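Before I ask anything, let me first share the structure, which is written out below as structure tokens.
Going in written order, the chains are labelled A, B, C and D, and every chain counts its residues from 1.
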Amino acid sequence: MPRIAYLGPSGTFTEMALDRLVAAGGFAGAVDRVGAASQPAALELVRREEAAGAVVPIESSVEGSVAATLDSLAQGRRLQIVGEVELPISFTVVARPGLARADVRTVAGYPVATAQVRHWLARELPDAESVLAASNAAAAELVAAGAADAGVSTALAGARLGLAVLADGVADVAAAVTRFVHVTLPTAAPPRTGTDRTSLVLLALPNEPGSLMRAFAEFATRGIDLTRIESRPTQTGLGSYRFHIDCVGHIDDPAIAEALKALHRLADVRYLGSWPATSSAGRPPPADDEAAGWLAGVRKGVEG
Amino acid sequence: MPRIAYLGPSGTFTEMALDRLVAAGGFAGAVDRVGAASQPAALELVRREEAAGAVVPIESSVEGSVAATLDSLAQGRRLQIVGEVELPISFTVVARPGLARADVRTVAGYPVATAQVRHWLARELPDAESVLAASNAAAAELVAAGAADAGVSTALAGARLGLAVLADGVADVAAAVTRFVHVTLPTAAPPRTGTDRTSLVLLALPNEPGSLMRAFAEFATRGIDLTRIESRPTQTGLGSYRFHIDCVGHIDDPAIAEALKALHRLADVRYLGSWPATSSAGRPPPADDEAAGWLAGVRKGVEG
Amino acid sequence: MPRIAYLGPSGTFTEMALDRLVAAGGFAGAVDRVGAASQPAALELVRREEAAGAVVPIESSVEGSVAATLDSLAQGRRLQIVGEVELPISFTVVARPGLARADVRTVAGYPVATAQVRHWLARELPDAESVLAASNAAAAELVAAGAADAGVSTALAGARLGLAVLADGVADVAAAVTRFVHVTLPTAAPPRTGTDRTSLVLLALPNEPGSLMRAFAEFATRGIDLTRIESRPTQTGLGSYRFHIDCVGHIDDPAIAEALKALHRLADVRYLGSWPATSSAGRPPPADDEAAGWLAGVRKGVEG
Amino acid sequence: MPRIAYLGPSGTFTEMALDRLVAAGGFAGAVDRVGAASQPAALELVRREEAAGAVVPIESSVEGSVAATLDSLAQGRRLQIVGEVELPISFTVVARPGLARADVRTVAGYPVATAQVRHWLARELPDAESVLAASNAAAAELVAAGAADAGVSTALAGARLGLAVLADGVADVAAAVTRFVHVTLPTAAPPRTGTDRTSLVLLALPNEPGSLMRAFAEFATRGIDLTRIESRPTQTGLGSYRFHIDCVGHIDDPAIAEALKALHRLADVRYLGSWPATSSAGRPPPADDEAAGWLAGVRKGVEG
């Protein structure tokens, strides 16, 4: 039974994402779960080979990229993304069993979560005071321990601790979604499906004007759609960045393979993997078959 | 005396940045300070004309862009950046007066700050337990209120509350710097200095392949250096972004003016201002004088 | 009455083009015609101010660019194109009066003309022998002088010499057209009409890979359509070229003006003029009015 | 003994180029020469399989591209260039034996040749009258037949007809060079040498703005040097062109192969061959070996 690290503690959205991946057959059976204190901590367990894989959030439709995940993937031993799952994000407001909504005086919440239900709290619990929690799961733990009357948490965390549900599906922004990725040591990519995502990091570009544009042009001229560009500081001072790039396609698409080679010639590039995209990833790169056949023909000297 | 909003409470790094701007003559005299609970809250005070300006952090050399600031600048009534200041970021660990370092059992800290001094805490206060604070200033307040023995805070906050200094200049990453910007209602940009920064947001691009590349090309072909590209979710689902772009130069540089016009024709673009850059901003765009003179000549029909 | 040089002798297609320009009011009245022995000779008369203008062929839909015209425009004192006319090219086969087609034994022709009626000659005069002539007009003169039975010439030349017409409108390629241009010393361009053509020469590009591409990109990013690219040798060895470029638009179109300035910064560029196009010249460059208004607004600090 | 067609008649520069190719071993032995009346006629003999190959001029450092050769290569059954030779072009002025220079009253010459020695004739034979000849070899034949006193011709033609040499190495432009190519039916290209030339024709581009630029970009982004761009009319009206493109490299260079495939996807492209360049052809495209190895590694899942 493979050990899989995830951003814990038990009951986080990340654990729910791990459940989905298990249900979808992503691990060929049951797994042994290891909660980690942070995204970098989860990924370090893989690097040290104390876990066979890790599940971490990488992007939220509300908050944007998860910086800690990107920064950890860009540094240290290379890791590879082999799968993804997207989870609609809505919170469950849990409370001590038997407590009426009118009696709630304090609400525990992880700041990121509290921010996403600000309007709901203002409308439904306008007089409750805010109590800081260290994670979504910790918010439920604070309720169970009596340190808060209610908590902005997950259904999973509330259920495990036997708490009551004050409200379910709570989210200021409807249709909030977070993407989680399954990360392993470097490996052959899962087979091309036709709706794939490829991710890479431009660790360092030549220090000359226009080098970032030239990198982007390697995608554009090959008809490859970029779906995400994220600059992250290299922490050597303001104005020095790494660029995380996601594009549509698979390393076994000739256009993607050619673009990767061209980027490798141009810059210090780290390949983060190709894997099936769960949501529509855009227009796949042009297929090569007809053009390759034509090239083989003229190489041999056929007519036409 | 103009009212200037800042990311409070009193004693934050942002207030220290405001002090610097005042000292540098950025407000032509003293100001009336208004602490706001968040970056969006500070900017809203300007939009509602309850403050003449706001000072907010926009980018950290360690954490990257400040998402709340970018998202607020991109939405609602247009605002304009008219100045900046860069502040070296290091923390002051404050404690109740008279308490020896060996007796510290609990350390309050804002999570972002705690993350930046993690190595120092592990080495110097390995046995102290973490207490969550809502801001750097709040960490000092928790110490003053007796809720924590020590706090990761700022020099300004500790001094105001009469706390002792356990350690000064604490930062895991040396040379951490944060840039803060001075924001007002739309106005004429401060005069061109030759080392300027221009910022804009691509709110929406035409929904066709390559439109982002075409936007970037408007800068590249005019010899304009891009210094930052940041994608932020539009919150309408995964994969839909706004792009924040900083470049070297001023709206009164002809190359910048031409690029802005071209982007306006191509996309829904929001201009966020041109202002003097405090740190080296890169290579300024090519001057226009000689070429403009040549063009005027051939237009009139001169020889050569 | 202005002296206008043209590619002579009397009776050439170029003189017919000159007639058209006169009829269209291109010279504000009658002109004094000066036949010149070649395109460069006609242009030299303008350079030496012995003629006020010249009319020369610049491009044929069958033969392509007229190299002698391009090479002369690229060298020496700068000249400027101020107008154009397009002439359908078909030949008139003239003969001595009274001679039957069956009795034609020799046909005089300028090689370029003979090449354009090769199929007609093979079908209609299969047994006639070819006699070289120095121009289309000279072919008629050879007939008038008795040196050939028939000649491939122009209607104008045949009529002036009192020759019979064996066949009119003779051309292997239907719809052959030649463009002729009116050239003067440098002057202000005729006013913008909305369907204009601008012509320039890249005399020398920086000796580095990609400099030609960068020149082309100055047009592409500004939405300017290129309608012709012609490389001509600089005569300093194989592989060294000048590039003649025609594009859609007028020097008073902001996009064209910007592109010209950008090219001047990049390369040694010679402006050859902007003038009304007689045939559809393609898609004009984007107008600037709305974008310029937007820019002026944000410069002053308007909302929105 | 293979039959090789060339632009005749006997004694032309093209036959001299054929001699060079034979001497260099280009035909693996002696050849049976067939003079053809024109470049298209020579190439048609290959298309009809009445000749195994053809030698035709393709570009002159003085006159530019040879339009008849380009137009014929672009149309009809596909042919392939398999070799080239470059010949310094200077003329031999031949005369009837025994005739003194002062007694020369008439000079025969092919117009292209006469144009290249115009200054010499004005200086050395200022009073001689011009007589038209149909080719350089024909100029010597006119002298041998008594129809002209002297002729602008080639050393080879004069020697075969037993004429005297009035002057050798005559050329207004020093260092004039013409490139001749060896053309066959489609075949595998000669092996890559590292200094190769590849030639192709863009027969038709998609009828949308910027499609020519996109075609050029396929070379630029792959680091391929273009050495020649020639637009030729398609003869369907002014403004419609084919583009002949020469670039540095061989179809077996991965960058060239990729660019060819990309152009095939974009446009109607005809491959004209890859062959060893006799003169320096520019900077070869980047080699692929290291990048291909890196790609193979990450595909399998290696570290790093």
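By definition in this document, contacts are C-beta pairs under 8 Å (C-beta built on N, C-alpha and C of every residue); 3 or more make two chains touch, one makes a residue touch a chain.
This is a predicted model, so every value here is computed, not measured.
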Most widely separated chain from chain D, with each centre as the mean of CA atoms: B
Residue-number overlap at the chain A/chain D interface, same or different (half cut): same
Chain B and chain D, separation of their C-alpha mean positions in angstrom: 62
Separation of chain A from chain B, taking each centre as the mean of its C-alpha atoms, in whole Å: 26
Residues within chain D bordering two or more other chains: 217
Chain contact topology (line, ring, star, complete or other): ring
Complete list of chain pairs which touch one another: A-B, A-D, B-C, C-D
Interfacial residue positions of chain A with respect to chain D in the complex: 77-78, 80, 185-189, 214, 217-218, 221-222, 251-252, 257-258, 260-262, 264-265, 271, 286, 288, 290-292, 294-295, 298-304
Footprint of chain D on chain C - complex, ascending: 59-65, 67, 86, 111, 132-134, 173, 175-177, 179, 209-210, 212-213, 216-217, 219-220, 223, 225-233, 235-241, 243, 279, 282-283
